[in-house]
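One chain, subunit A, links the two complexes that follow: it is found with subunit B in the first and with subunit C in the second.
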Partner chain A sequence: MSLYGWLDRRYELGPLVRFLQHKEVPVGTHSLFWYYLGGLTLFFFSVQIGTGVLLLVYYQVGEQTSYESIRFITTKVPFGWLLRSLHCWSAHLMIVSLVLHMFSTMLLKAYRPPRELTWVTGFVLFALALGFGFSGYLLPWNELAFFATAVGTDSVKAVPGIGDWLMQVLRGGVDVSGNTLYRFFALHVVILPLATFAVVGVHLLFIQRQGMAAPRGHAASRGMRFFPDFALRDLLIWLLCLLLLASLAVFLPYGPRIPGVEWELGRKANPLAPAYPGIKPEWYFLWVYQLLKEFPPHLLRIEGPQAALAVVTVLMGIWAVVPWLDRRASREQPSPAFTDLGVAAILFIGFLTLEAWDIGGGAAAQPDVRAVARACAILTLIGGFAANALRFAFFRHTWFVFTGAVLLQAALHGLAGLSYLAAGSIGAVAAAVGLVLTRDRPALAGKKR
Partner chain B sequence: MPPQSEGPTRRSVVDVLLGAGALGFLASIVYPVLRYLKPIAPQDGAGALRLTRDELARLEKEHSLIVRHGPTRILVFEDPQQRLRACEARCTHEGCTVQYVPGESVVWCACHNGRFDLDGRVLSGPPPRPLARWVAQRDPDGSVSVAKSPEGSA
Partner chain C sequence: MTAILIACVVAAATTESLPEPVRPFLSAKAKDGTKVLSDKDVEKLAQMPERTRQLLGAAVESVILGSADHLRILLSLDLPPQDMDLLLQDNCILCHSDPGNVRPRALFSPDPAKQKSNPLLDLREFVGDTHFRRGLSCSGCHGGSPKDESMTEAIAKRWPKEDERHRDRSWIPDFCTRCHSDPAFMRGFNPTLATDQLSKYKESKHGILLLREKDSRAAQCVSCHGVHGIRAAKSRKSAVNPQRLPDTCGVCHANPQHMAGYKTDSGEPMPVSQVAEYKASVHGKALLEKGDLGAPSCAGCHGSHAPMPPAVASVAQACRRCHALNGQLFDASRHKIAFEKNKWPECGQCHGKHAIARPTDALIGDRPGTLCHDCHAQHARDNALCDKTSARFRAALDELSSGRAEVAPHEIELAEKGLDVEPLSRAVTELDEALLQTRSRMHSFDLGTFERAAAPAGEALVKARQSIDTANADYRFRQRGLLAAIGSIGVLALAIALKLRELGRRRKGQ
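Our next item is the complex of A and B:
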């Protein structure tokens, strides 16, 4: 232990070692599974750094070189195809584990005091991850990248006041061009990683100071030592996920070929070519894409896309401040309204995503939107009723106002043929009425009785 | 406790000066960065654009073509009556690039299914505004020129 002794005399490692020895994970009647998802997201992020740095060795940013260098990496460089495939797969799996982590935190109310800021930093990390996905998408400079970036950067026009300025700053010009490529490259490999390191650092610091949250009503009966008991379990899961990642990357190097989850290089971007039929963004942006399609050209004197993005911004804003809205959870009381809000968010996004995939539209190039809406509404209704039946059976949940409103909207839009927005308005009114009617029930969140 | 004097104290004056100095210091950093990030305005495409021989050949073969004129991309196409028409190629919805669909006599955006008539007016879908109109005409010598429409958008 001479090296340890040498370091200890200089840096006084004793308190740090004692802290790590006593670090515990709460163990009770709840499942430990949810505690692994944050670490798993971090694992995929570290895979992204490793594979990303290796891709940088050959990648050359530029209108004349980006596409060519990616093609060179995947066709000529030994194992280049594997690295790109790993980078793409790991990106998608990182978003999957991040989203699961976020929804498990939401549904188990781990955001309640004193952990509000852990939730907020997590939300910022979610936004950064979306930024990584969006900026990385352009770097191969292929057709899909070009239009995805054209739409994505165009949407910032909707920001009041500085929208046009922001769009030009993002694009480095009026249109998506080689200048956009340079800017997105800087964003993807320098700015976003630095920001992510900083925020992950704060996120982890909060967790180290406060320990992991036990679900409400599942007071931890004992703790599991983090070192080595929990850390080894973590490691095992990382190894299993690395195996999964490697298998997927080897056997499906261009993704599962579902729209939104594929990364075939395709044709080089050509700013003078029209968008091709069936073009779709990545799966985690599909719900926004579909919302943009569902909104009419004009709504309440503002333009449709601006209204659609305002709705997305408001929903995201509500999501970010959930710890302060959920006043019952902050008093360690049941808050079924927020549990229902989490499930409703999944159903809301799920319905739009299914529609974006043209489920039920057959193989036609331009599927019948009515048939798609009907099929997707039926699937959403089945999923929603099944989820609520399971919640009632296993957790004795009885408050279904928000999920009910989302299912009402799906039914009105898909089965009764109302427009998405009209159905949504009726759903919103129904939710408001439901909130008022159940206000006096002891199980409702928010209102003091 | 010393009596509270009316008006500014020495402390509050120093605070204001310090605050103003700090703001000015920040602004002197932020302003150049913001100006640096804003791209230089492109040269406006002045006057008419004449299609090259290659572009003419493509127009002949595919009945439509997208050309760049200064910062603008313009869709030039031949309608069923063999008349040349032109409109801005950038969809007014979310900025995708539109295309001419000869079979249906519409201009269509594949991204969010916006449809326009041949004059650029919205037929269906989410686009909030018509496509800006341009004028394409065949000159006596067989060449094609594209210029801004005098009446602007449809």
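Our next item is the complex of A and C:
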């Protein structure tokens, strides 16, 4: 009696096996690579769970123990340094692969019906991943984490009406303290994992029920069998990424030393010490951090941070409901406006992130903000023109309203010396005019996607 | 419109709350037609406590505070209520701060240069003066009473005549110490303040020159402490604050014209380079650049009210106030006897006086150019034990400091590789501490004492080197582990790639 037969009699494995045998992954005109990014993100998440559980064996949360236990893990526990290094590297690589997955979904329009909810659950997973990053950052209870969390939680005050209350709920008091550490720990190891398991489950269920999205116009193309052809390729990529992860963890145990991508333990947090300049959050929050810096303290009778976070909220809100906004894609028609939106989002976030990294500011402790803005604008303009040239060359896209607005803002701010806000306002007006002018001109919509 | 209404309501409320005599000032206008008191001034008046307002009303009523312009000057001082209360109760300063009432040479002004008044009559300095803030106002020194409404005879009698008091300054120490030498009186203000300044001053070089030789160029109380605007020494604004003292002493001691004609005890012209040398010295840099208040200023070695050039016999005692251990070691050394015999200043003989630099190991040794060699070549030639001792001192210090320079950079390098550098950090800290002790023990000029201090430093260096070897071995283990992982994962990946190729062929066949 085989084990399979034994299990089949009890659990009727037949339909599951037949499902796996017949499940196919669409093979379109585009590289299959984009289909592996979701699985890759899941792989890095699994590494996070594995290394996280092992770190929990020695980690002791508490003002008097968090820093000491992390120090003990990295210096005394056999392979403890490797666990922490893997956990940190894998966290960053997970966000990288998640962001690539999200943008590939956006640019390939895989969110179009009937997969709107798959996009929404993916968006929720993105938010949960950011929550993991934010809550995990504080747990070593070192100086950098303490001040970065103080700045991060302080920005919550900008939420209208309930800002102060929300900040106190997050911090467990008026200031970042041991209470904050306890609740961030609970969030990081219990609440967020449970929520993520649930949403990943739903996300995967949707994908299994509906299959992977074929590129638009290639719905009837041939497919590749999921098992074993695709699954083995998935496994091969996971193994190669594991190699990359292990090499990075051994050779760069504290990260590549780029602001927002480093995790050297440094000194223990001292709530009474003054905050030092140059504290920056993780790289994926840098664009929000820079946006907050670009806003004046007061704007149109509201506080600058409130205005900045309102902008971020509106942009994220638009991003979350893209499947319903992109009506052309839902009719299986080319929708270059939303391709342009995706490219514009990359340029917008890229410009702010480069500025936050002080690219072009030299080695000075206080870089010249004008020089930084100029260098970042030039890089963004090069990137933007290159992307649009490729879109025109390969897809005959001629709709560049959103990217044009972002590039106009970068040029006005970085090259002409206008404030970020003034340049952004001109860019927004230009985008609005562009939208009105091209609303009824589908001919501009491009030949392919 | 709303803003104008609110402003009107506030102005009306302010006018109502002010004493009757002050109200006309609010609408007083200057020659150009603008209001004398700005909105900000009116706001300051509105925020005054009740008692201050009453005092203000009384001052205006008695015409001592006679104009809106005068009130504007007083408000520009931004005084806290308790200081404003003192000011409003003192008719002397009220009268002498009114530009419409006194001549410029007797006018206290917030900006004497602009008013072309006496620079000593700076009103801002005066209201910060420790005497004023303790309630000891003009009359405390000048005589009369704060209630006087005009100049009285008592005021003229208190001091010598003007030409006489400027020509001969010897009356000043006695004048200040009427209060400052009276313990019972001073207890009411500052029980911890010394009251022996005059007796010390009389025995000091300054005191002897002024009081016995009637040399009015010699420093007395106001030369260092100032006149109006005297503050406690701990105040950063005080001319005798340790960090400002070198410049205060330098007003005379760095001025060749002022010091011309003065001679040292040995009969040489008094140098004027001391302040510049001090500022470049290890002590000057510590106090003035690093802000280390533990470092001595001029008074740290010379004393304050009894400044004397420390004689050969006592200069080392000034050093011992901070460098006590080195002093003890020196006292027990064979150098003590030789230095006494030759009447050499102990510490100063090797380290210098005002220009004391950070000592380096290069001073030590039996080679020409080193302090030990050059001094012994002159005074104690061909002493084999001395040569052996100084050579050993230098060799040991060179070995330890070059060892430290070799191991310390590994701390950063190994930390960047993610290795445990705690043992190395600990060893380097031990080495630093032991090196400090070793350098200090050199002042015993005894090989045995020196070796006992140098031994822990040597052990710490060995420990540091061992911890570097251990960390490097750990790193090699990690690299080998990674290679093994790459090998096994690579084999698995290759197997999958081969399987995929086979699958591809099979699919083509189908």
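In this text, the second predicted complex is superposed on the first by the 439 of 449 C-alpha atoms of A that agree within 3 Å, B and C clash if a C-alpha of one lies under 4 Å from a C-alpha of the other, contacts with A are read in each partner's own complex, and residues count from 1 in each chain.
Assume contacts are C-beta pairs under 8 Å (C-beta built on N, C-alpha and C of every residue); 3 or more make two chains touch, one makes a residue touch a chain.
All values derive from a computational prediction rather than experimental measurement.
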Note to self: Tell me the contact category for A:T153 with respect to subunit B and subunit C: first, second, both or neither.
What the structure shows: first
Check: Taking the superposition as given, does A:K76 touch the first partner, subunit B, the second, subunit C, both, or neither?
Finding: second
Check: Is A:S85 touching the first partner subunit B, the second partner subunit C, both, or neither of them?
Finding: second
Notebook entry, point to check: Does the superposition put A:L418 against subunit B (first), subunit C (second), both, or neither?
Noted result: neither
Margin query: Touch test for A:V174: subunit B only (first), subunit C only (second), both, or neither?
Written below: first
Next item on the list: May I ask you to decide whether A:I359 touches subunit B, subunit C, both, or neither, giving the answer as first, second, both or neither?
Entry: neither
Checklist line | Of subunit C and subunit B, partner touching more subunit A residues | finding: B
Check: Taking the contacts subunit A makes with subunit B in one complex and with subunit C in the other, which residues are shared?
Finding: none
Next item on the list: State the interface residues of subunit C toward subunit A in the complex, per the touch definition above.
Entry: 415-420, 422, 478-479, 481-482, 485-486, 489-490, 492-493, 496-497, 499-500, 503, 507
Note to self: Using the touch definition from the top, list the residues of subunit A that touch subunit C in their complex.
What the structure shows: 74-76, 81-82, 85, 228-229, 232-233, 235-236, 239-240, 242-243, 246-247, 250, 253-254, 264
Next item on the list: Enumerate the contact residues on subunit A facing subunit B in the complex.
Entry: 147, 150-151, 153-155, 165, 168-169, 171-175, 179, 271-279, 289, 292-298, 303-305, 366
Checklist line | Residues of subunit B defined as touching subunit A within the complex | finding: 37-39, 42, 66-68, 71, 73, 75, 89-90, 93-99, 109-113, 122, 125-129
